[in-house]
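Listed below are the structures to be examined.
Next come two complexes built around chain A: one with chain B, the other with chain C.
The block that comes next holds the complex of A and B.
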C-alpha cells in the first residue's frame, strides 16, 4: 500500500530531481543567497526594543502629584485570574477618603493579562512598558507600593492607548 | 505474536535468557533464534523527545525497525482546566484558554468568547466579528507555519524551521500591536474584543499579507521538490477516509484524507459565509497530503485576510449590554450605573439562563468546541473542552502500525499535536 504511493510520488519528480545531486546544489544555492540577506535577529541586550502603547508589561500604580490614584476598592484583586494582587485599605483625611495601606503584586504569579487595568474604576493600575523583570529570590518578586508607584508622566503612552481604543 | 498473557511473557523471557546463557558458555557471540518474537523490543519515545512536539510519550513495540504496536500516552501536561473553569467566572476563564493550543491562542480566545456569548445570549457588533475573523486567520497562519517548520525539521530540513520562525516573528510583532502580548494574548472578551485595532496596525497586517506569498513560495522551493523530503513524507502514515471518519478526526488531518470537512463552510459562524475561500483537500491520506493541506490552507487564509481588511467598517468593538458585558472604560469613570455594573459583573459574573450549549469553531488543528452546562450562576457548572489535538492523536496507533521507527517522527509531525490542548 505504502510503496504504491511512494512510486506515485516519485513519478512526479523529473529526471533531474530524481538524481538528487542537482537538487543539493540548488538547495545550497538558496541557502547561500540567504547569507546576503539582512539578518533578522536582534542583538538584544545591546539593541533594546521599545514597546508601543499597546504593550502589556509590568502592572504599576499611577502616581499623581497628590499621591496615588488607587482607592483600594479591591476589584483588581478580585478579578485577577492568577490571584497575584493583595490590597489592604485604610482611611485618609484627603478628598477621596480611602487609600491602600498595603498593595502587593506577586510578580511570580502575574500573567500580564491586564484584567486589573481593565476593571479599575479609577484608572489607577495600568500596564507599563517594563518587560525584563528579574528577581534573585521569591521574596523580592512581591512588589510593594514603593516599587509599584510610577509617576503619571512615564505612563502617557499607555493611558493614551486606553482612552482611544479600550 | 500475542503477548497478552503474563505466563507467555515469562516463558518467552526464560527462553531468551537460556539462549543468552548458552551462547555465553559456548563463547559464541552470535545469538540466533528462529522465533521472530524473540527480537521484539519495547521503546520509550518521549516525553523528552524533541520530535514529539512537547511532552507526548509514545510506547513502541518494535520488531527490528518495524512498529508492531504503538501506544501514545497523554496527560503529562494535564492542568485540569475543565475543573478549574467550574470555580472561576466566565470572564476569568478567558486567559486560561491561551494555554490550551499555545500556538494559536487567538483562535482559542475567539472560541471561548463565542461559547460564552452563546450561553449568555449576547449579540456582538459587526466590527468585533470582523476583527475576530482577522485575528483567528492570522493565528491559523502562525500555527500552520510552525507545523510546516516543525515537520520539516523532524525529517531533517532544519533551515525551513528557522525561516518559518522569521515569518512567525513578524506575525507575533503584529499580535503585540493588536493586543499587547505576543503569546498569551487574552484578546477576545464576552461581547467583543478587548480593544480596537488602529489603522496603523491594519496597514501593517496588509503589508505583511502582501509580502508573505513571496516568502512562502521561497519556502516551497527549498523542500517541495526535494527527493529526500518526498521519500520521507509520501506514503507514510496512510489513513483511509473511512478510518479518518470513524476515529472522529477533524481539521487538516481529516482533509488530508480527502474529506472536505471544514466548520467554516459547513456551519458558517461569524461572517465566513460572506467571504470567498476554498476548502483544501488532498486524497492521498499520507503525511505528505496532510502537510500539503496546511501549506495550501495558509494561502486560503491570506485570501480571507485580504477580504476581511477590505470589508471591515469602523464601529464599536464591544456590545452594549449592561448586565452581561463589561462597560466602556470612559463610562465607568464618569457614570454611576456603569460603575455599579462593573463591580457586579466582576464580583458575581454575568448570569446566564439555565441550560446546555455547545459551540465549536474550526481552529488551526481542527474542531475546537466548548460544551457548557450552566446552572444560572456566574460560573459554568461544567465546561467540557472538545480539543482537536487529543482526538487527532488517537489516529497515531493506526497510522504508525507497520511503519518504520523513523516514520513515527514524520507521522507525529503531520498530525501536529499541541500537548497543551491534547492534555487540557
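The block that comes next holds the complex of A and C.
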C-alpha cells in the first residue's frame, strides 16, 4: 500500500521538481520580492490603535453626574467565571437606596468575557477600550472604585454598541 | 632564526589574533542583527528598530540580557561536561579563522605581513575541515551532559547529520583541490587570479552546489537545523542552557555561518581576488591600497553569502530526518564522488 503511494507520488513529480533546486530558487525569488514590500508594522506606543465600540477592554463602572450607576446587587460578582469581582453594598439616602461601598476587580483574574456587563441590570459595568493594562505588582492589579469609575461621556461608543446588539 | 625575528613574529601573530577574534565576535552580533532584519523584511515586518539607530545595538542589548540571566546547571547534569560543551563549540568556531586569508599581504617596514593569522599553512583546508568537525563535539556533549532526552536526541541528530554531510563536503572539496593542486588557502586563491570567470565556481559548479548544501548542514542552519528543531525537540541540544552559556552556542552558530561563508568565498569565488585582473587598478603588490581593495572584495563576497544563508533560512522549510539522510547519502555523496572522479579524469586527459 505504502509503496504504491510512493510510486504515484514520484510519478506526479517531474524530473526538475525532483531536483529540488529549481523549486528552491523559485521560493527564494518569492521571499526576495517580499523584502521590498511595505511592512504592516504599527509603531505601537507612538502609533496607537483605536478600537471600536465592540472591543472588550478593561471592565469599568459607569459614572453619571449623580454618581455611580451601580446598585451593588452583586450579580456581576456572582456571574464572573474568574471570580474577579468583589462588591460590598451599603445604604444611601439617594432614591436607589444602595451603592457599593467597595467595588474591586482583580485584573490578574479577569478574562475579559464581558459576562458582568451582560448580567448587570443597571448597565453599570461595561467594557472599555483600555487595552494596555500593565502592573508591576499583584497588589496594584486589584483596581478599586477610584480607578474603575469612568465618566459616562467616555463610554458612549460601548453603550451605543450595547443598545444596538445586546 | 634570531631573537628579533621571533619577537617580531610573536608580536605580529598576537596582534593579528587579537584583532581577528574581536572582529569575529562583533561580526557575529552584526549577523544576528542582519538575520533579524532580513527575517523581518521577508515577513513584512520592521525588525529591531528601538535600540540604537536602525536597532543596530539590539544584539548588544541581547548580550547584556544574557549576562544578567541566572546560569542554571540541571541537578542531574554531568556538570563539568555541561560547562565544557559551549566552550568547545565557541573555541572550534573561532579557531577556524586562524587560516583564513583576508587579503594578500602588505609590506610594513621591510617585513611582509600576510593578512590572516596563518594563511599560508600548507594544510589549511584540512585544518578547517578538522576544526569544523570538532565543533560537533560541543553540540553532542551539550546534548548528552544535560541529562534530558530532548537534548540528547538533538545532540545525536547533530552528530549523525554532521558525519553524513562531512563526507560529501570532503568529496566535493577533492574536486577543488585537484584543480588548484594545493591544500593551502592562499594557493587556492592564487589559482583563481584574473577575470572572475577564472573562479572555481565556473569550473566546479557541482562541487559548489554540493559544498553549499553540505555547509548548511554543517552549520546546523535551516533547512537542516534538525538538532534544534523547536517543535519536536523543545529547543534541541541547548534546551538546558541558560545565560551566557546559551549565548556561547548562539555566538558559535553565527561564527560558523561566517566561517562557511568565508570558506565558500575562498574556495569558489576567488577569496580576496578582485573580479578583474588586479593590474587594472595600477597598484603595487604589497601596498596598503591594494590590500584594502582585496579585503573589501573578500568582505563583500562573505557578506553576500551570509545574506544567502539567512535568506535560505527564512524561505525553505525544515527537512524531515529521513529526507535529510537520504539526500545526504543517496544523492550528494554519489554526486560528489562522481564529480571528483570526472575532475581527475579531465585533468589527466586535458593535461590541465
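Heads up, the rule we're going with is that the second predicted complex is superposed on the first by the 159 of 166 C-alpha atoms of A that agree within 3 Å, B and C clash if a C-alpha of one lies under 4 Å from a C-alpha of the other, contacts with A are read in each partner's own complex, and residues count from 1 in each chain.
Assume a contact is a pair of C-beta atoms (placed from the backbone, for glycine too) under 8 Å apart; a residue touches a chain by one contact, two chains touch by 3 or more.
These numbers were taken from a predicted model, which means no experiment stands behind them.
Once the two complexes are overlaid on the shared chain, A:27 sits against chain B and chain C alike. Touch criterion met: A:111 reaches chain B, while chain C stays clear of it.
In the superposed model, A:163 lies in contact with chain B only, and not with chain C.
In the superposed pair of complexes, A:38 makes contact with chain C only, with no contact to chain B.
For chain A, the partner touching the most residues, choosing from chain B and chain C, is B.
Using the contact criterion defined above for the overlaid structures, shared-chain residue A:134 touches neither chain B nor chain C, since it reaches no partner. Residues 27, 30-31, 40 of chain A lie at the contact with chain B in one complex and at the contact with chain C in the other. Those residues of chain A that touch chain B in the shared complex are 1-6, 8-10, 13, 17-18, 20, 23, 27, 30-31, 40, 51-52, 54-56, 73, 75, 78-79, 81, 111-115, 118-119, 121-123, 127, 161-166. Chain A contributes residues 21, 24, 27-28, 30-32, 34-35, 37-41, 43 to its touches with chain C in the complex. Across the interface of their complex, chain A is touched by residues 88, 91-93, 95-96, 159, 166, 169, 176-181, 184, 186, 194-198, 218, 221-222, 225-228, 230-231, 234-236, 238, 284, 286, 288, 326, 328-330, 332-333, 339, 342-343, 346-347, 403 of chain B.
By the touch rule above, chain C contacts chain A in their complex via residues 38, 40-46, 209, 311-312, 314-316.
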